[in-house]
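Before any comments, here is the structure.
Chain lettering (A, B and C) follows the sequence in which the chains are written, and residue indices restart at 1 in each chain.
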Amino acid sequence: MYKNAKPILEANEDSITWLKGENSNLILKTRAKTIVCLPHIASLVVPGKTLIGAENPKEKFIELTKDMVTGPPRIITGKNFIKGPGTVIGIEGFNYSVTEKGISKFPHFGGVIIGDNVEIGANTCVERGALGDTFIGDDTKINNLVHIGHNVKIGKRCLIVAQSGIGGSCVIGDEVYIGFGCTVKNGITIGDHAFIGMGAIVLKDVPAGEVWVGNPAKKLEKP
Amino acid sequence: MYKNAKPILEANEDSITWLKGENSNLILKTRAKTIVCLPHIASLVVPGKTLIGAENPKEKFIELTKDMVTGPPRIITGKNFIKGPGTVIGIEGFNYSVTEKGISKFPHFGGVIIGDNVEIGANTCVERGALGDTFIGDDTKINNLVHIGHNVKIGKRCLIVAQSGIGGSCVIGDEVYIGFGCTVKNGITIGDHAFIGMGAIVLKDVPAGEVWVGNPAKKLEKP
Amino acid sequence: MYKNAKPILEANEDSITWLKGENSNLILKTRAKTIVCLPHIASLVVPGKTLIGAENPKEKFIELTKDMVTGPPRIITGKNFIKGPGTVIGIEGFNYSVTEKGISKFPHFGGVIIGDNVEIGANTCVERGALGDTFIGDDTKINNLVHIGHNVKIGKRCLIVAQSGIGGSCVIGDEVYIGFGCTVKNGITIGDHAFIGMGAIVLKDVPAGEVWVGNPAKKLEKP
């Protein structure tokens, strides 16, 4: 029986987890003993694993974990962490599923890990992770009124200017600059040293070192 | 004499109200006994009504109500209403008129009515109504750093993602999705089941069921 | 020896200041006795002045002032100043320099000066000036979730709608309208009576009286 809920590659033997999509190889890699997955994957025989098949594995996972106690978020902060007034660290993410039965919310067991010398301005929101943690790397600076979604991983020495928003599960590299008032879609990856110009609406992954601007954001070619 | 100030169709016999524009038919429909309106409409004879004509009825209404006590907003919340830290419910709207005499503020007598199972994240602002109420329907979920203007009516089971803004007096239907970082102009109507893509700047009414994206937002045609 | 740090034209005899760029004429105009500037300018002989040359004068200035006590911001508010809940006045600006040595922060000695009859909504952020003050003129109204950067100067009777952002060191004239969800790049000047339409991303100076819209914002020509 499971005692906690974790992301598939961070799970331990006491975990329940879920598999999004078709990559059944992850079932061999995860340490979780209980995995919710698509029905044809659940029909595989994997010794020591309990596979639970569902047409909508995410919904099934929500159902199976709905009575687990999520508790307050674990928040770990590095040395010299500075946080402005009104900034909220660890609120639950906006992670809803809409089905015929109504709106269900994905559980939030995760926390927030903040590195050394991180500074966050005023009235910014950093959401806790759903199963894993939200992470902000050393020396990263975040301005006022910024939204950092659940599960976001931000590297080191990034600058994120006021009123920008980073959608849930984004992965931001090291030394990335995200300008004033940008919006980055959930699940996007932005490579190291990328520069996102102010007001950009980022809908696609941004390779390392590139400059992207506009709505929708596109690579700025050097003239 | 009037004892309260109400929207023209929500008024009672003790109300003062005002008519915007030419629809004099509303003077027959309203229960208010005192109505500020354009001069040529005020010249009509309507038994039992006191019609006050002014070239700028809104300004005249502000003048006539400026000594009425607005008091704190009436805030009614449904069962299972969840509100994140820093979220402000019931602040006055940004409803200023600029005339030769300076800047005058429309009075705010209205409140906020929030349905069952509504969840609002952190550092969001929901303004009280001016004369009527701001309304958020059952099961609607609102993320962090969102602005909901005065008099806005939001339907049931809507999702409004972080950093979006809904201008004053907008009417949002049921099961509408408003993506990350959208801005919806004051007075806009968005029909049921519409989907507004992230970063959209919505300047026109959106019919039910349509998908709109971009700045300015336009209907996304299916490929 | 210097006892305070001020902008070059606001300095007094006890000040250290720094010169950005080539305008050596300012060294004759400033009352500061200690000025950090480019090496070829520092080679000039100016009686009574101590010129300190550096390839990166801003970085050198940061180094020379890093042990000076900045203290809490001086905040001066005019009569009838109204501030909504969650609004933060006087937080330090997002003024970082990235060099090979890492990220350094420009010191903030400045304050915030707010005129008469100013109203600011909820969850807005107004940053203190770096060396000078951030300034908001009489009768200006600012809505919710707005970001006002460090050193910004805003004139009289401006209206700044919700979720707009004004970058550091912008100069906004009198009776300027900045619509819902606009972003104005740091250092921009917007002339008197200009109108910035909602959702505009303003990257260039806007002359007085013009209407600008879009991303990037451009002048709206009358049809």
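Throughout what follows, a contact is a pair of C-beta atoms (placed from the backbone, for glycine too) under 8 Å apart; a residue touches a chain by one contact, two chains touch by 3 or more.
The structure presented is a predicted model; accordingly, all values stated were derived computationally and were not measured.
S.K.: Which category does the touching pattern between chains fall into here: line, ring, star, complete, or other?
M.R.: complete
S.K.: Through what angle, between 0 and 180°, must chain B be rotated so its C-alpha atoms fit those of chain C, rounded to a multiple of 5?
M.R.: Fitting chain B to chain C on C-alpha atoms yields 120 degrees.
S.K.: Using CA atom averages as chain centres, what separation in Å is found between chain A and chain C?
M.R.: 34
S.K.: Residues of chain B touching 2+ other chains?
M.R.: Counting only residues that touch two or more other chains, chain B contributes 86, 123, 145, 163, 215.
S.K.: In their complex, what parts of chain A are in touch with chain B?
M.R.: 86, 88, 91, 94, 96, 98, 102-103, 105, 123, 125, 127, 145, 147, 149, 163, 165, 167, 183, 185-186, 201, 203, 215-216
S.K.: For the complex, give me every residue of chain A touching chain C.
M.R.: Residues in contact with chain C: 84-86, 119, 121-123, 139, 141, 143-145, 157, 159, 161-163, 175, 180-181, 198-199, 214-215.
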